[in-house]
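Chains: A, B, C, D, E and F, in written order; residue numbering restarts at 1 for each.
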Amino acid sequence: MFYVTRKEHFNAAHKVHRTDWTDEQNLAVFGKCSNPNWHGHNYDLYVTVKGMPSEVTGFVMDLKVLSNLIKEKVLDKLDHRNLNLDVPFMKGVNPTTENVVMAIWNELKDEIQNHGCTLHCIKLHETERNCVEYFG
Amino acid sequence: MFYVTRKEHFNAAHKVHRTDWTDEQNLAVFGKCSNPNWHGHNYDLYVTVKGMPSEVTGFVMDLKVLSNLIKEKVLDKLDHRNLNLDVPFMKGVNPTTENVVMAIWNELKDEIQNHGCTLHCIKLHETERNCVEYFG
Amino acid sequence: MFYVTRKEHFNAAHKVHRTDWTDEQNLAVFGKCSNPNWHGHNYDLYVTVKGMPSEVTGFVMDLKVLSNLIKEKVLDKLDHRNLNLDVPFMKGVNPTTENVVMAIWNELKDEIQNHGCTLHCIKLHETERNCVEYFG
Amino acid sequence: MFYVTRKEHFNAAHKVHRTDWTDEQNLAVFGKCSNPNWHGHNYDLYVTVKGMPSEVTGFVMDLKVLSNLIKEKVLDKLDHRNLNLDVPFMKGVNPTTENVVMAIWNELKDEIQNHGCTLHCIKLHETERNCVEYFG
Amino acid sequence: MFYVTRKEHFNAAHKVHRTDWTDEQNLAVFGKCSNPNWHGHNYDLYVTVKGMPSEVTGFVMDLKVLSNLIKEKVLDKLDHRNLNLDVPFMKGVNPTTENVVMAIWNELKDEIQNHGCTLHCIKLHETERNCVEYFG
Amino acid sequence: MFYVTRKEHFNAAHKVHRTDWTDEQNLAVFGKCSNPNWHGHNYDLYVTVKGMPSEVTGFVMDLKVLSNLIKEKVLDKLDHRNLNLDVPFMKGVNPTTENVVMAIWNELKDEIQNHGCTLHCIKLHETERNCVEYFG
């Protein structure tokens, strides 16, 4: 089995907070990440698919195809947006890295299956020092 | 002459827009960077001071002192904030990287002079691929 | 299952050598890494915990809590120290990267369990080109 | 079990194409990667071995030994070469990253076994954004 | 004065050699960089312009405009190409990093002037460890 | 004028302290960097030379020659050593980054002149976040 990874990135605003809590409650639990007027990140996204290379092309999956798929299904909806307000597939979700990763997994899983590959891992770096991996 | 650089970082939300323009005008000029609900970045900040090393310490400037100064005067006001709304020294300023760099220069110049050094350059990376340097 | 990683770093001196061998024996086996007067590294440490996100916070583990735990239990004892001489939990241990990783694992495993998470991996980069991972 | 990784790199020319296809067919499937006059990359290669640290040395494998082995068996044959024309162990192979990774695995597997370790993974970055991992 | 830098990249094949020398002469002077069947690199290109920020936009130069200009005038001609054979503005030039940098400078200088800015520096990394800067 | 830079690295132990001060005095001024049993770093060294490319080779300076020169005059004396105890050209010098940079400048300046080039800058990163540049 081969594992092929494409790195993409997007820039977004967010705050980590629950809409059913007051600003004070959010501050007590989430600290400065709950700043009411938002903050933001350069997110680095790694999408890993697994499979066997095609006898014809030598590719598990054409990375240009994978990149376009990520662009269409994920980046066009997240990049230069507000994760709490602007993203249809994040509506009502507290945008912790864990929750963003799970939402991206759900956006991509079937699309990648339709291309004959299997989604293996979504890894998301919120900063150089903090990241989350999800394997479904 | 020696040049000593300290790298710091902060995470912030912003939008590039003029408050005296409509969203449509801002979109026409600034594109997706003017998203009304904000976006954000992990900013990497490089502060360079110049001088001769002290005969006593061998330092141009103690980098712990410089780091604390940057934290107090700059990071505590920008980190996990909204550059358009939350930062006293950015009030009324369109937060392009150029304008943020100039504002940081103004916050630090005299403070560093008070420590017997000369501020040489403020460099700010908005992304890995975009940066601005200002030498006063 | 989600995997959450925090990157930290420390700077330390060490030499790879056995105290029951002569300098010549150590040199023959460990080469320049056994330099009697020490050498040192900027170590990059990656601590990965696994679990399910809390329904309340959306976090597997608050990374500020994890960072503070690593600081208290590991970094405060290793950073700006000599791994052969200064570190209580490394006493009598030849500080190869493998042995440092296992010692850090032992310092953190129960502490992380006490926070309701499971330690998954300790990864340590001695240089950009050399690293060791340990999964317990 | 411990996992020890050594990073190496090489610079090479290649084109992704099948010799039994015309330039037009190759262009249709492989795009600009099939440029008839070649293009090239700075490849980053990560070789991971697994095992238990020796009681004597504290090493799973001496990374100087591993580095020399990679140099002799892989880098000396790939570095500053053309992957389609110059490399004995790549003859007749379309040099997709997947196929290069499998060929490197085959060059190293037994050699590492002869040193009492087990090859765990070959990871190859063609660019910062594209990589393939193979676990045998 | 402000200095604004945009980072771009391209992947290309080349060999360092003089067409009026034999392979043996080229090998004697240029070593493995003269491999007759080429080798290649992931080139990182940094283009720096200088100027004062516009009163209207707060930009020295819109980095999207600069990026598009670099793409049209430079990347479209170098990326996934052979620097010795495929590039109109490199015809007859031995593609050392110095010579590539000078050629890129000449392609961009007037174009950037036409946008009201001044080209300040072209920096090109052939590898992470080797780079050349040119200031005209 | 062209500026050509070669990046090298070395790993070394040191402590920032004055031998004519007590440990307490050193601790008061230099903090944890004066740890009596040393600490250490992975140093990244950038050597920049300037000149015009040769009409014959297209090189300002052959980077293999520059690399070998740095290895012989600097790295072989600093790498895997103690900067306070083991380095002939650092004897009696408090190894702040400033002082190490000046010492490296003095080791290389004439050697590079003898190869027909001019040393322009020595830049040394003690950590990713701290660096010093010296232009003579």
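Just a few scattered comments:
Following the convention adopted for this analysis, contacts are C-beta pairs under 8 Å (C-beta built on N, C-alpha and C of every residue); 3 or more make two chains touch, one makes a residue touch a chain.
Since this is a predicted model, take the numbers as computed values, not measurements.
Graph distance from subunit B to subunit D, where chains that touch are one step apart, equals 2.
Most remote from subunit B, judged by the distance between CA-atom centroids, is D. When the interfaces C-F and E-F are ranked by C-beta pairs in contact, the top one is C-F.
Centroid distances built from C-alpha atoms place E farthest away from subunit C. Sharing over half of its contact pairs with A-C by residue number, the repeated interface among A-B, C-F or C-D is C-D. Centre-to-centre separation of subunit D and subunit F, using mean CA positions: 34 Å. Distance between chain centres (mean CA atoms), subunit A to subunit F: 42 Å.
Remark: subunit D and subunit E have CA centroids separated by 28 Å (rounded to whole angstrom). Along subunit F, residues 128 each make contact with two or more other chains.
A complete list of chain pairs in contact reads A-B, A-C, A-D, B-E, B-F, C-D, C-F, D-E, E-F. Contact residues of subunit B toward subunit F in the complex are 1-8, 53, 57-60, 63-64. Interface residues of subunit C facing subunit F in the complex, by the touch rule stated above, are 9, 11-14, 32-33, 35, 37-42, 79-82, 85-86, 127-128.
Interface residues of subunit B, counted against subunit E in their complex, comprise 16, 29-31, 93-94, 96-99, 101-102, 128-135.
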